[in-house]
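Both complexes shown next keep chain A, but they swap its partner, so chain B is in the first and chain C is in the second.
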Partner chain A sequence: MIIRIESHPAWQGIQAQWLNLWRMPAYSLPTLIFPVAFYVFFGLLMLRGQALWLLCTFATFGVMGAALFSFGVGVAMERAQGWWRLLKATPVPFASILVGKLFGAMLFGLIIVVMMAVLAAWFGEVRLPRSQWLGLAAMLVAGTVPFALFGLALGLLLSPNAAPAVVNIIYLPLGFLSGLWVPVTMFPDWLETLAAWLPPYHLAALALKLTGQIPGSMTLHWLVLLVYTVVFAAAAWLGWRRFTGS
Partner chain B sequence: MSCTIIEAENISHRYGPIRALDGFSARLDGGITALLGPNGAGKTTLIELILGIRAIQTGAIEVLGGAPSDPLVRHRIGAMLQISGVPGTLTVNELLGWFASFYPQPRHLDEVRELAGLSGLSDRRFDRLSGGQKQRLLFALALIGQPQLLVLDEPTTGLDPSARRGLWQAIRNHADEGGAVLLCTHYLDEADRLADRVLVINQGRLLISGTPEDIRRQVPNKRIRCRTRLAKGELTSFDDVISVQVDQDRVELLTADAEAVTARLLAADPALEGLEITGADLETAFLHLTDTKDLAA
Partner chain C sequence: MKPIWSIPLLVLGLVAVLFLLPVPASESAPEGANNGSETGSRFAITDVQLFDGESVTESATVLVIDGKIAEVGTELEIAEDIDIIDGAGKTLLPGLIDAHVHSFGEARADALRFGVTAVIEMFGVPQELPDARQQRGSLDPIARADLFSAGILATAAGGHGTQYGFEIPTLAGPEDAEDWVAGRLAEGSDFIKIVIDSGQVYGFQRPTLDADTVRAVVEAAHRAGVMAVAHVAHHADAEMAIAAGIDGLVHVFIDRPAQPELIERLVEAEVFVIPTAIVMAAMLGHFDGSERIEQLDRLSTDQRRTLGQPGWGSHLGLSLWHHARDNISAMHQAGVPILAGSDAPNPGTAHGVSLHDELVLLVEAGLEPLEALKAATSRPAKHFGLEGRGCIRPGCRADLLLVKGDPLTDIADTLAIETVWKNGHPVALSAPPAPGTETGRDEANLLASGERSRWMASADDFMGGRSQAELGSAEQGLEVKASLVAGFFNPYAGAMWMAADLSMEPLDYRGRSVLEVRVSGGEGPLQLMLFSGPSQGDMPVMIDLDPTDNGWHAQVELDRTAGLDLENLRAIGVFAVGAPRATTFQIESIELR
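This part shows the complex of A and B:
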């Protein structure tokens, strides 16, 4: 049997997700522009010497936001509209719907990373070997997965009215406390200890280590992100069970 | 027509303390079956169980010979649900194409647009369709997989009369081509016009099932009020009177045959006053049905 990719439900789902985001600039543009604008302000205007460091942390902030908002808010809304119920009544494996959303969030993450990287290279005089540019992008895009699952859990467990507020409440403090705005070394000790428990801290640490900003092994950071991925997946599973009423 | 489409056995379902279904059993064969009941009767829960949207708590359901969650069963079902907001930025064609990818042998997009009355709207975004067009698109999404069974939850709610008739025709066409339809509705006239068989559900139980004529005889859809000297016991003994209530000097009768009952009333009490005949909504009718007579048998 020949499987035609263009008529596969997963590919159709990815397309639908992209089209939907593309045609909703009121939602998409803030997700894309805000982290980049923050980076321009802090990384390229205020603290020019730290352009590479802040590229790593603000890009983490950007991909985290793309995943949290597209899943957290998007899922809660689609669920409330009855769209998910309708999809559930069809034979489509729900995984292909989620994969479509994940690719949408990853594409957004990639656009954010590329915009920041281009600005960093042009205006921040950031120079990296090609392998590191590519590695950085790949790492950050892969890093959207735990946040997408976190968003999915929130979107499944929260009401559509609560979801946008809760995601906003989580997003900024989580980024700040993970040292994405101010390095954790400038935090008081107890806050620095707290940061080491937060997932964005570890994604940013991976990016900083890849680009040689801080020394050390990446293993622990990957492991922590993996554990968070499992925890968020379990929470999403609980939300899914509640959604299906079992 | 005679093969079993849905078999539900002793289904109960609760949401916390609320009992949505309470020992519901029924068997559906082909043709158009209407599931009729007031709001809150348990219709939507039953549909969600049949479609595998919810997991079954107690009882068993077999749909087209398999489990509701089986993808091979779902390939043969098309569903149209209440409040289905689909992603508003997608066009009619994009949505139809996406849903077509879910099924092994989807209909041609041209064909399904034609069937659902969406010709000329291919590139219109969902959020720019009118209310009736949105309903028709949802109907088209239900038809796209060439389903053997169509499950429609209140499909004509919010439609104007001509759009409503159009959808009725499309539903009938599906049945004429040999498809089965489960139509959930709280409009008695919709069940009456379309269905080969009607299941009346209230408070999570099957109350009556039969042809639309059977149902019309048993569901009190008219309310007669008057002042009369006739006693309650006498009124209750009239044929076709389903329930009698006395409110001070007035009596209120529920019946399915207002003409016959009125004629008898006037014959028995020529001095009768203040005669008033109005339609009874289903909620009232079912309340009396469950209060007064057990018609399930």
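This part shows the complex of A and C:
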């Protein structure tokens, strides 16, 4: 049996999410512009000469935001609107909805990374070997997965009204405490120790190590992100069970 | 547009942007220079301002195939399999020719890294001439400039040229000329150089060849079918050389302003002049080569050393420099062909770099930038018969220099080097790793009086931080006032001991086994940083000092310290690190034994 790609449920999910993002600029534009504007302000204008370091950390901040908001806030809002209740009654596979959302988050992540990279190259005079430009983008886009699962767990576990507020409350401090705005090297020791427990710290560390900003092995960071991915996936699974009432 | 198209297109577009992001200069100019790879042997430079050795073309395209220029034009079609190098905003020049050097050691590699793809030697050891001749005929990748040479120069016994510590055959009179010239040609000399210089202008007297001998040498050279050029210092030397039928003068005379009659005779006799303004300026105190050391970070050890040597003639007064400059100006205006030469590696000059400074001085002396560029390309190629060099035309060698900006407006832009190609292959521009063979001094006590001048204050302020350090002397040892201010990276401030005379250059300290440091006072943490390794950018080894009753102490077993390269030890630092604070400590003793 041949299934045309247009009729595959996952593609339908992607397409639906595409339209969703396209038709909700009130959500899409801030998600894209906010971290990039931050990077321009802090990374290029205020702190000269650290464009590459801050590209790594602010791009992490950006992809994390795209994933958390797409899943955390997006799922909660759609639940609040009764849309997921309705979907539950249709034969639409939920997996396709999730694939669509994950695609949306990754696409936004990619757009953010590319925009920042262009700005970094143009105004921050950042020069990287091609393999590192591509590797940085690929690594950060892949890094949306744990945050997407985190967002999904929040969107499912929290009440629809609480979720957007909680995601907003988590997002900024999580970014700050992970050293995405100010490098952890400038933190007091106890805060630096705390940062090492947070997932964005490890995604940023991967980016910094890939581009040679800090020396050392990447293995630990991959492992930590993997553990977080499993934990968030389990939490999302719990939330899913509660939502479906099974 | 339907999502099925627009989504993949958007993703592809984003990935395409990633491919277009700029890469480091070293990657866009792959180091194909000495690994024999074929990378770069077929490429085109497009949309570039082209100086072809004679004139300028805007938005030109130059196609290089197999080490030679294949095509040049403004509307060339470039086949798809040819690598394209975007030349927008840049200027492409023929590889420069330095028409007056003395080539020892790594001179030709140093020259090439600064865009000088051929050098004309005015005196050097003849042993390497046969090899040099063979090499310059080849299009194989090579990391050295081509060499053309006079070999041994013609001088009187005890005259200029005999003071360099090796025996050279001298001439006693005209009767020696024939055999002497034959000897040079047998050794592989490309032309003959004659010294006419009594030393008077420098305040001493030394033997020099008389007019008859000079004429005899020039005539012998001409009979053998080669050129004869002359080192002159005085107006009278130039007169003698012209009367002898010389082809070129390889210095400007500096003792007095040129008489109009002399200039007329230069023009009539079609004599070219290589004024070597830069070596005059360096000798006479008009130019300080050590400034270049600070400005350029890719100089080799040799280049730093020779640039840093002070000019020995500054006591002679700037008026001699003014004669030099005015004489260049007058000769150029009268139509005497001026060729650019640096006389590197004389004090205050360096191979490669100094030719760029020569061009600046020539422009200061009144040459249009276009004329100065000709003086370093087509003109020496023409007068010395260097075929396929100093030109960018089909058939010329792909010895090329790509610079940012427009040297035709600002001649200093020749030093804004983007890429150098030799025989169609890009040249690695970075300084070669300094050989760590020079061994360190025997002194173990790094605070001994001979070592004290090697200590300097060092803090993160040099990399953009705000911490500061100050050194003073303590009753015992060295007092360090460190003021740590939170900045971007971990702040640090303290004192650094430099292994070599030049900051951060390596010396071989193998054979030492222990580094012991005692510090009194101060609020910790304090850290020892050992800088070593083949590159200045290598990470230092960091070792925390342990607190003691009244200060700090560390004893480092050097051969058990991972990451330390004692063969290339560059510096040892004692720093306050960590939390922002102001602290003062005394380095009581520090021994490397």
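Everything that follows uses one rule, which is that the second predicted complex is superposed on the first by the 246 of 246 C-alpha atoms of A that agree within 3 Å, B and C clash if a C-alpha of one lies under 4 Å from a C-alpha of the other, contacts with A are read in each partner's own complex, and residues count from 1 in each chain.
Everything below uses one rule, namely that a contact is a pair of C-beta atoms (placed from the backbone, for glycine too) under 8 Å apart; a residue touches a chain by one contact, two chains touch by 3 or more.
In this text, all values refer to a predicted model and were calculated from it rather than measured experimentally.
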item: Chain B versus chain C as contact partner of A:19, first or second or both or neither; value: both
item: Partner chain in contact with A:245 - chain B first, chain C second, else both or neither; value: first
item: Partner chain(s) touched by A:92 [first = chain B, second = chain C, both, neither]; value: first
item: Partner chain(s) touched by A:83 [first = chain B, second = chain C, both, neither]; value: first
item: Chain A residues contacted in one complex by chain B, in the other by chain C; value: 11, 15, 19
item: Residues on chain A engaged by chain C in the complex (per definition of touch); value: 5-6, 11, 14-15, 18-19, 47-50, 53, 107, 110-111, 114, 117-118, 121, 126-130, 133-134, 137, 183, 185-186, 215
item: Chain A to chain B touching residues, read off their complex; value: 7-9, 11-13, 15-16, 19-20, 23-24, 78, 80-83, 85-86, 88-93, 244-246
item: Complex interface listing, chain C residues touching chain A; value: 3-4, 6-7, 10-11, 14-15, 17-19, 21-25, 27, 464, 486-490, 539
item: Contact set on chain B toward chain A in their complex; value: 15, 48, 51-55, 71-72, 74-75, 77, 79, 81-87, 89-90, 94, 97-103, 125, 138, 141, 145, 151
